[in-house]
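One structure coming up, written as structure tokens, with questions to follow.
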Amino acid sequence: MSTHPIKELGEVALTEEGMTFHDVTETVASVTERSAPRNWWIALFIAASFAGVFGAAVGYLVWQGVGVWGNNAPVYWAWDITNFVWWIGIGHAGTLISAVLFLFRQKWRTAINRAAEAMTIFAVICALMFPGIHVGRPWLAYYMFPLPNSMAIWPNFKSPLIWDLFAVSTYFTVSTLFWYVGLIPDLASLRDRAMGMTGKFAKVRATAYGALALGWRGANRHWQHYERAYMILAALSTPLVLSVHSVVSFDFSTSVEPGWHTTIFPPYFVAGAVFSGFAMVMTLMLIVRAVYGMKAVITMKHLELMNKIMLVTGTLVGYAYGMEFFIAAYSGNPYEKYVFMNRAFGPYSWAYWTMITCNVVSPQLFWSKKLRTSIPVMFAVSIFINIGMWFERFVIIVTSLHRDFLPSSWGYYRPTAVDVCTYLGTLGLFFTLFLLFIRWVPMIAIAEIKGVLPQADPHAEEHGDHEHHDHAAESDAALAPGE
Amino acid sequence: MAADPKKTEASEHHAPAKPRPAGPIIIGPKELPAPPKAVAARKRTSLLLAEYSTPAKCLHAAEKLRDAGYKNFDAHTPFPVHGMDAAMGLPDSPLGYLVLCGGLTGVSIGVLMIWWMNGVDYPIIIGGKPGFTLPASVPIMFELTILLSAFAAVFGMFHLNRLPRHHHPIFESDRFRAASDDKFFVSVEAEDPKFDLKKTRVLLEATHADAIEAVEETVAGESPKEETH
Amino acid sequence: MSEQQNKKSSANSKEAPTYRLNAQWSGLWKVFAVLAALGLAGAAAGYSSNPTRFAYSWLFGFLVAVTIAIGAMMWVLIQYLTSAGWSVTVRRTAEFFGSGTVVFLALVVPVILTMNTTFAGWLHVGAHHEGGAEAPHAAVIMGESSMLAQVEHTDSAHPAPSQAMPAVADHAAPAPAGHGAVLGHAAHATVREDPEELLEQEIMSRKTWWLNKNFFIARSVFYVLVWFGLGSWLLRRSILQDTSKDVKLTAGTASMAPVATIFLAFTLTGGAFDWIMSLEPSWYSTIFGVNFFASSFVAIHAVLILTLMSMRSSGMLVKEVTVEHFHDLGKMQFGFLVFWAYISFSQFMLIWYAGIPEETTWYHRRWDVGPWAPVGLALVGLHFVVPFFLIISRNFKRKLGWLKLGAGIILTMHVVEIYWFVMPNLPKQDDFAFSWIDAACLLGAVGAYLAVVFRNMASHSLIPVGDPRLSRALKFQNA
């Protein structure tokens, strides 16, 4: 009885009532088997066009050199690193959902973790573009690796940028492994369905999914090691995701630049990353849910819980903004104080207040249950947060640099068309990859959803007779937390 | 992972008092108990497969096989069934130790690489810091620890599971495709010392199976490799 | 639901006594009270023999108790925020530790009374500058600093430091405090007055808006009042439910939990800044509040694990708090241990890497010199590395002996960490040695706190028998 939701506490079942195991397979797998809806083609066309713009912008950049960007003294770092940090941050929600919520036994994550993990990988791909291209001579990028190069010099391992290289590439590798491990049972489902299909591509499908499924046969001797591996990967990904954005924050905070050098940067960047990532997951899931009719699997409860997480992380980010300002005043350090006054009231105050409005003010709407269960509101807020978090990185990077210690070294940064095209182009790249993903890969973790259905508990049918028999998995398996 | 074996054992006595199905569908060699060896001399029964509609029946079947002393048997389920490890009497997974080794290798590689490259082979003094210094080495040591631990977790899991393995006699069964959808199976390999086509089948018939199938494989001179362990 | 409630009420009538402290434990609060009295007597003797030492020792003892209580309240709030089912049987113990906050209303008084000693670094500057005497001082310092800059320029090959100021709107006179280390170098170039001291005065004068006597007292009182209110409120709501079984109480506490958490977060940050960070008045670190939280949260897990294990070994809560709960507590302990290491390392590494003099003072005292360098290393080894390996493995977390050892080491090192936070600021570090006054103050403060905690424990049920999620905690198993 205890697995039944406690209605007075606002608990509800995670999936619609009466869903069978087969319904889950059918709902999710059939998306990859039907022909794609027309809107998918339209979206792919638009996204791929933007990705093409990205290619052109990067080609032009490599041909001409980084002078085609707006970066110049004293703002040597601008949109490239802003975009890099923004994309990496977006990726973090995927890992948080798949790893941290897994460790905290938040079973509701099953509806969104696959798509969120895919989002992580694609976001990291987009992020990795920027350090690659902003060096200006990408063919020398191997200088960053610990390889003996022509000058017999090893990389400087004390450089936070080298830490970043290790952190981001590890993150990409581990996220991909985690995602793939999670996919194996679902690829086996697709393989087994393809075996029973007829038609032109049935054999191709069966071979492709079969190869990727590695001969998975759902054996419990396999599940045992598999579950342990999944748990360990989750336990590894949790500190990893903390470390990645912390290392990104070290790029700034190890310096002596007022506005960059502050000790709260590591956890503050992590909270901001999760915040923006959840917003992006929300944006994507709302679209997917509407287009593919996934309302039975991605319920309002899921959306509401994600909104709550955004409220929490938004508040954490607000705490960090507050601490930065407080310490700038507390420290009695005129440079610190100046930088923060300049942020709020200087030439870039428009960016600062955009950031505050989007990141701190807009999530406060979610205190109201009515607003956090309203699809239009949450869609709008998720977009606002994406914008706000982009501006956060812009504010940190550009406003700290544009007033150097010497007034003769002051400047005002403006992006060029190439900057804008590069950024919009990565959005195109991201959505292209994401559209391909929802077309060919089960976008919801089939096996995991089945595992949280009420009938998945092997002791479910005995509950009636043996109320206090405590051998069963009586955890909150099939429950979403309440209010 | 799982419930204490004793507890699950106890649960067996509370087997659901549901009406038994009329009898399982019998697939495979039609004339029981004599398998048609004469007809297909190059075919051989490699395992018995029983199909169930619920995880509970599958779990109880696994318990019965465990208690009957079978070793080379397995359950096949669309998702990991809670308590199945204890029901099958599986020992704990050793994967954690592999991961620990991976992690220690990673941290050692990290610290040795940085120490040798920046501290010994070509020291560079930057930012007033010595060639090799621990605080600045921690991030890379950490990342390499995670990277190698993750490799150990994933590839260790593949190794323990002997995956990839694209050819397995169980795939000869058409019914088995539902194992990744909504059906639950128990398979008993012919390799098992206790395996006996007739007796094992009788045992499985008593487990409320919806269907029982003797899966045959074509023997082309090679004997199927021992898979379970 | 109704079955469940029936079952519970019948269980309540039959088994209620088992959820009470046994005879052996129900008098424990008196033992703590006696210990506290002894400690307080010792502390009073310490005050009369060495008031300076007493001031720092008392702050140390007080903060040990405070961190445990803060951790306990945060722990309870997080259970409500996450609607946790597994932890219900553990939650009451944490609520007891949160309810000890009432004693801080008294324990904070010596902290305030001795602030002339402990917070002299900013208190006297503040007093000196009260009444708008800032401008002439600033002018003196400006002259001083430009002179120093010239001395530096001619005496050494270093380029002159840039004295150009960003145009701070409200900044009347440029100040030499900045991101350069140059002025510190030139400290001996002047004969008239110690420039380091002037610099310190100048920086301090800009901090008086926050670091002044009255505001400090008001804040200190505010923090302990908030904690008293929160700790008592959490326990009272939970106890009300023991008899009323009202599900609405859970829902109501859960709906207030976010606001309570925000209040707790800001007050604990304030406590960390005021009572620890301002010991080193020119030092600042934005992460320090998070660092303090991490310490507290690690400590409460150790406290909960040790308390519940001791209760079980004397026959209480044997069925209610099982190895499954300890496994989960162990996981949380492990996770937040790593979090503590992460936050501590981030703070250390960033300050070490940038090497800005104002910031390095903190670690200079605690990491480089005197008796404190080995203590810093011991924190790395024993507050992190050893317990990390002790509780990393699933098997170790489920072998309660290992978990207990890990928790014991962590709790001991938590006390050492607070000591390491406070004591390096005691004047005359050269002949620093552990003093009996430290022990007396620790015993007095923590003993008084525990006396209240165990007094509450003796008069209420040990698990929230009315909680709607209780059955989930009773049946909980790690997947």
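When the chains are written out, they are named A, B and C in that same order, and each has its own residue count from 1.
The rule is short, and it goes like this: contacts are C-beta pairs under 8 Å (C-beta built on N, C-alpha and C of every residue); 3 or more make two chains touch, one makes a residue touch a chain.
Not measured: the values here are computed from a predicted model.
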Inset, instruction - Determine the chain that sits nearest the middle of the structure, using the mean of its CA atoms as its centre. - result: A
Legend entry - Highest C-beta pair count, chain pair: A-B
Legend entry - Mean-CA-position distance for subunit B and subunit A (Å): 31
Legend entry - Approximate Å spacing (C-alpha centroids) for the pair subunit B, subunit C: 47
Inset, instruction - Please set out, as single numbers or ranges, the residues of subunit C touching at least two other chains. - result: 349, 353, 355, 477, 479
Inset, instruction - Going through subunit A residue by residue, note those that touch at least 2 other chains and give them in order. - result: 239, 243, 250, 472-473, 477
Inset, instruction - Give me the residues of subunit B that touch two or more other chains. - result: 1, 3, 82, 96, 127, 129, 136
Legend entry - In the complex, subunit C residues that touch subunit A: 1, 3-4, 7, 82-86, 162, 164-169, 171, 174-175, 177-179, 203-207, 209-210, 247-248, 250-251, 254-255, 258, 262, 265, 269, 273, 282, 284-290, 331, 335, 338, 342-343, 346-347, 349-351, 353-356, 358, 468-469, 471-472, 474-477, 479
Legend entry - For the subunit B and subunit A complex, residues of the former touching the latter: 1, 3-4, 7-8, 10-11, 14, 16, 18, 54-56, 58-59, 62, 74-85, 88, 90, 93, 95-96, 99, 113-114, 117-118, 121-122, 124, 126-127, 129, 133, 136-137, 139-140, 142-144, 146-147, 149-151, 153-154, 156-158, 160-161, 163-168, 170-171, 176-182, 185, 228-229
Legend entry - For the subunit B and subunit C complex, residues of the former touching the latter: 1, 3, 82, 92, 96, 100, 127-129, 135-136, 138
Inset, instruction - Enumerate the contact residues on subunit A facing subunit C in the complex. - result: 1-2, 4, 6, 8-11, 103-106, 238-239, 242-243, 246, 250, 253-256, 258, 261-267, 311-312, 315, 319-320, 323-324, 327, 329-335, 337-339, 341-342, 345, 403, 405-407, 467-468, 470, 472-477, 479, 481-483
Inset, instruction - Going by the contact rule at the top, pick out the subunit A residues touching subunit B in the complex. - result: 20-22, 25, 146, 152-160, 162-163, 166-167, 170, 173-174, 177-178, 181, 185, 188-189, 191-193, 195-196, 210-211, 214-229, 232-233, 236, 239-240, 243, 247, 250, 446-448, 450-451, 455-462, 465-466, 469, 471-473, 477
